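Here the chain labels run A, B, C and D in written order, and each chain numbers its own residues starting at 1.
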């Protein structure tokens, strides 16, 4: 078969490992030809592709990023492309497509499948917010990077008696913040799923001070929000250059805490370091398994499905289950962590 | 309540994180007193213990090893102790025990529970060989260390056209070798679950050479064995100092491959670096969750049970399910890896 | 002898390793008593101290931060304390002091020495800006952290065709930015020593785009400044909370580049992760050697001197040589890097 | 100019970074053509080469190994080649050669230079044993890897009360062992430069035990030797496969210590992980600077010289100074470490 493969959306460690795995399984075992489609759905629409051979994927297991590129495409343009799905497939000369991406990609995967371009999805998100899979590749790497950073900040905070506010990725869900916060022993964890009361945060810190621990680390997800009726954080602000201020909540939270505590509080915004670079071992293995199973799914004709991790097994799940809604941090996990405020 | 806690068996990154978590949850939330028992079951038998407070566990989240120590005790001596279970508990002044250890520890946990010293188990194994839990803490760290090592060896092997044989931990199961081997892209993976044919290994390498890839990495578990009727590897050998030669299979496999290939093959034995040091983020979180749930289990009276990861949840499972047999690598995982020979 | 030791100024990986080394060499070899002075010169002035024994420094080699604490003291208050130097020494019961700190600390060390409290200095700066020593501990760790971060960003920038601006520490000197920038292959490096022309930066990026490399990494020191007559960056701005906006130059540079290039440019501010956490091997060794030689210097009576690395040797250098002026990046190093714009 | 470049000898992190730097400086600035010679002097003799362009060196800064390969050539065969130096240069079409390698390579560099093939040397050794340069690239990476490994072993040794013997690279010099041993706080350090008395090692360990520290880490260089008149370690032994047993001293030392102490002692042999993989930041920068200066040296006609680090500067030094003898660990460094026995 001729199988197209594309990567879509923001960067995520393990994309290249999926591509490598698809090529290994497809060409070596099934005799497939793998066609790399450039820049995600944009390349699909514009008919830009190139064959990807075994040699092309040498060294990709450990390499961050995606050799196929990724570009943003407006939802509307994808919808139009769906109408021409069969023609696009013909132009590219592909029998099926493996689409690696987030919730939007999986949604598109189903639409293209329904319209005659058979697609298997591979879920991708550092945020761990895709439903119907225990986790996806990229998340562990993001947590690893964030944890190392908080580990470093902690020694400074402790010996220099500082309050530090670390802003981690997660616009809609708090998985990275909860997990890295627990892993590094953050004293307060603020996530989008539970609007926070800044006075409770300040009280927790003051309580630590009273017990002689004169420092605190607060891990806050970029999408965390104050509870209604407490402070208003305006996330939408733009600077003089017309683009959104990156890291709004971390800076503001530090500022507000300074006011409440009468004590310096330093913000640190980890930013894009969380979504790039060489994947951790566990993410490489998961990406490799997803690639393997995606090729098998194509040969089984399990289109409109995506690869999901359930416990220790990879299963093929209808895309509809993934796109029903974001997977948020459930309440029992907040409780368990002891630090979500 | 007064809750004893002990760590038993070989080292495993995350032991200290469990102890910390037990203290945090027990003392801060339930008002328990946590009694650390020294050197595993030896300290239980000999009545050696000390209280462990919140301050005593500061910094333990990231620290390898166990502040409580661990010592080997003969099975027979544990059996005798079981007969005096109630007396031991009285001497130590504990109402219940949290025992962190491997299969043997979980077995002992049940025996003590039956005999009147109520025990909750926390599974510990870098080898990932305990049944009834998806994984335990320590495994990810071992895989992380092994993967980093193979990553390093690979560049040397490639540029200097070498065959390298890396021996990883795993006497009875191949989980570390399979996972790190896949994560680092080893070309051959040899595990105890599937006796290997050394000629097949040599053929795979020769095939690589013919395709112009003049190097190969073989990841071999210390407990991997040749198939009957092929070579005989004698694992039991001892050196002049009377103790078993560590790393037997790696050295021998490299030697045999040299003979078959007529080409240098270098063995590297990773050894104990795989079971020490600071746990990865994921292992810290899992250890922390296990500690939290173990304390809850004590307060619920779920004795004779142990904490297990199932999918994304921690469940309490009867110890009998864990000790029914080792969890080995199933056949579909060999197949999936493409590299198990 | 009774030797005081204090740490002063911002955090720097290796402070604890110096303290450990002073204790080991002083107590084990010379039979000294080591007195830890809390919170730097503040503890000296306020007479807060505690003995530090061999057991107290267990585990400090790898631990970031300082167990002695560090606090800011106004220069004026130090000057007053100098007048009472002998009395302070008497109160603390110390015969000599080892002061670990930056340029200000070394200056104070000389003043106290002249006034009757004999001091040996140990230079500390992650910025590598202390003259008369090839380097100090902490710098390599900062560079290591920054390099790992840029490595991660690079894969994202490349596969997603982004311009990324990474702001690194260095208010007055560009050593971290030059070194990490070279280590990670940044395409543009902007340092305080060479005012930059933002149009030259934009031209370099456009030139890369023309050659088909559709991404760029710019490493910028927090103290880098535009050349006079080009853009004006206002570093002094404060936000609504009354404290200086951290990371000004990175955000502004990204904003300006977007305007010039008509293309998204993302800022990443590494911040305090560069100055905390476990020191690299080389920093641990240098800190250990400095501690050893500081104790020897005390016993030789080389007061008013500090430990300096010259080539591969530790030498004792008069403090006056260190405080004559900041060590900035010389022009031949810009030239050599090819990337300083 | 047409400049050949070759890499010779064992693997060393940073080789690729030198090649990249030579290409960048040579082609971008001087308009040179860089000719990569394959497999070191073997390719020189056999006339195997290929042009190396800017695109060919993309990504090499962080990549271990050497894209040019490296092979062993007998000294005699090199001597013969020297007689045909001019012819070899003509065949390859090169005006000058940059030879990256160890002591043997630098010696050959001088011989070829004298015979009419002008050569500039770049020193390469993970062992830090080349005289006349403070250090070379690769050493810091080896120390980094070894230190991380000992860090991990230490937590196991401490919590499980073990004596661990870690064998590090260094056949003739103890630099890696001294530096990583100091960085990780090894309790005993055994190096080739100072024959050791095993009973002194055992006494040190027993003394620790008496003080209540029931563990010890011994770092031993592979070339460390017992003092005459104490034990005889036979390094030359070969196993049944006819190749030298790797890691002889570590295994034997552990065995002997078990006998003397009556207590288990575990050997760990780090092996080739020390000489592969991505270079540390400092090694990448040094390799890059060496490459830059080697190209400049070619254009200045400084043949028969090699690039050396002196303090913070790169200097061109006559090869004769490098090959006068190995740079061994001087006595004042043993003394300073406190742990060399």
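Keep in mind that, in the parts below, a residue touches a chain if its C-beta (ideal position, glycine included) is under 8 Å from a C-beta of that chain, and two chains touch if they have at least 3 such contacts.
Predicted model only: the values in this text are computed from it and were never measured.
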Self-check item: Intersection of the contact lists for subunit C and subunit D
Solution: none
Quiz item: From the centre of subunit A, which chain's CA centre is farthest?
Solution: D
Exercise. Sharing over half of the contact pairs with B-D by residue number is what counts; pick that pair out of A-B, A-C or C-D.
Key: A-C
Quiz item: In whole angstrom, what separates the CA-based centres of subunit A and subunit D?
Solution: 41
Exercise. Would you kindly tell me how far, in whole Å, the mean C-alpha position of subunit C lies from that of subunit A?
Key: 34
Exercise. Would you kindly tell me how far, in whole Å, the mean C-alpha position of subunit B lies from that of subunit A?
Key: 30
Quiz item: Which residue numbers or ranges of subunit D touch two or more of the other chains?
Solution: 151
Quiz prompt | Chain pairs that touch, as defined at the top of this document | solution = A-B, A-C, B-D, C-D
Quiz item: subunit C touches which residues of subunit D in the complex?
Solution: 24-25, 28-29, 61-62, 134-135, 140, 143-144, 146-147, 151, 179-180, 182-185, 280-282, 284-285, 288-289, 292-293, 310-312, 336, 338
Quiz item: Once bound in the complex, which stretches of subunit C touch subunit A?
Solution: 10-11, 13, 15, 63-67, 69-71, 145, 148-149, 151-161, 164, 239-241, 243, 245-247, 251, 254-256, 258-259, 264, 266-273, 275-278
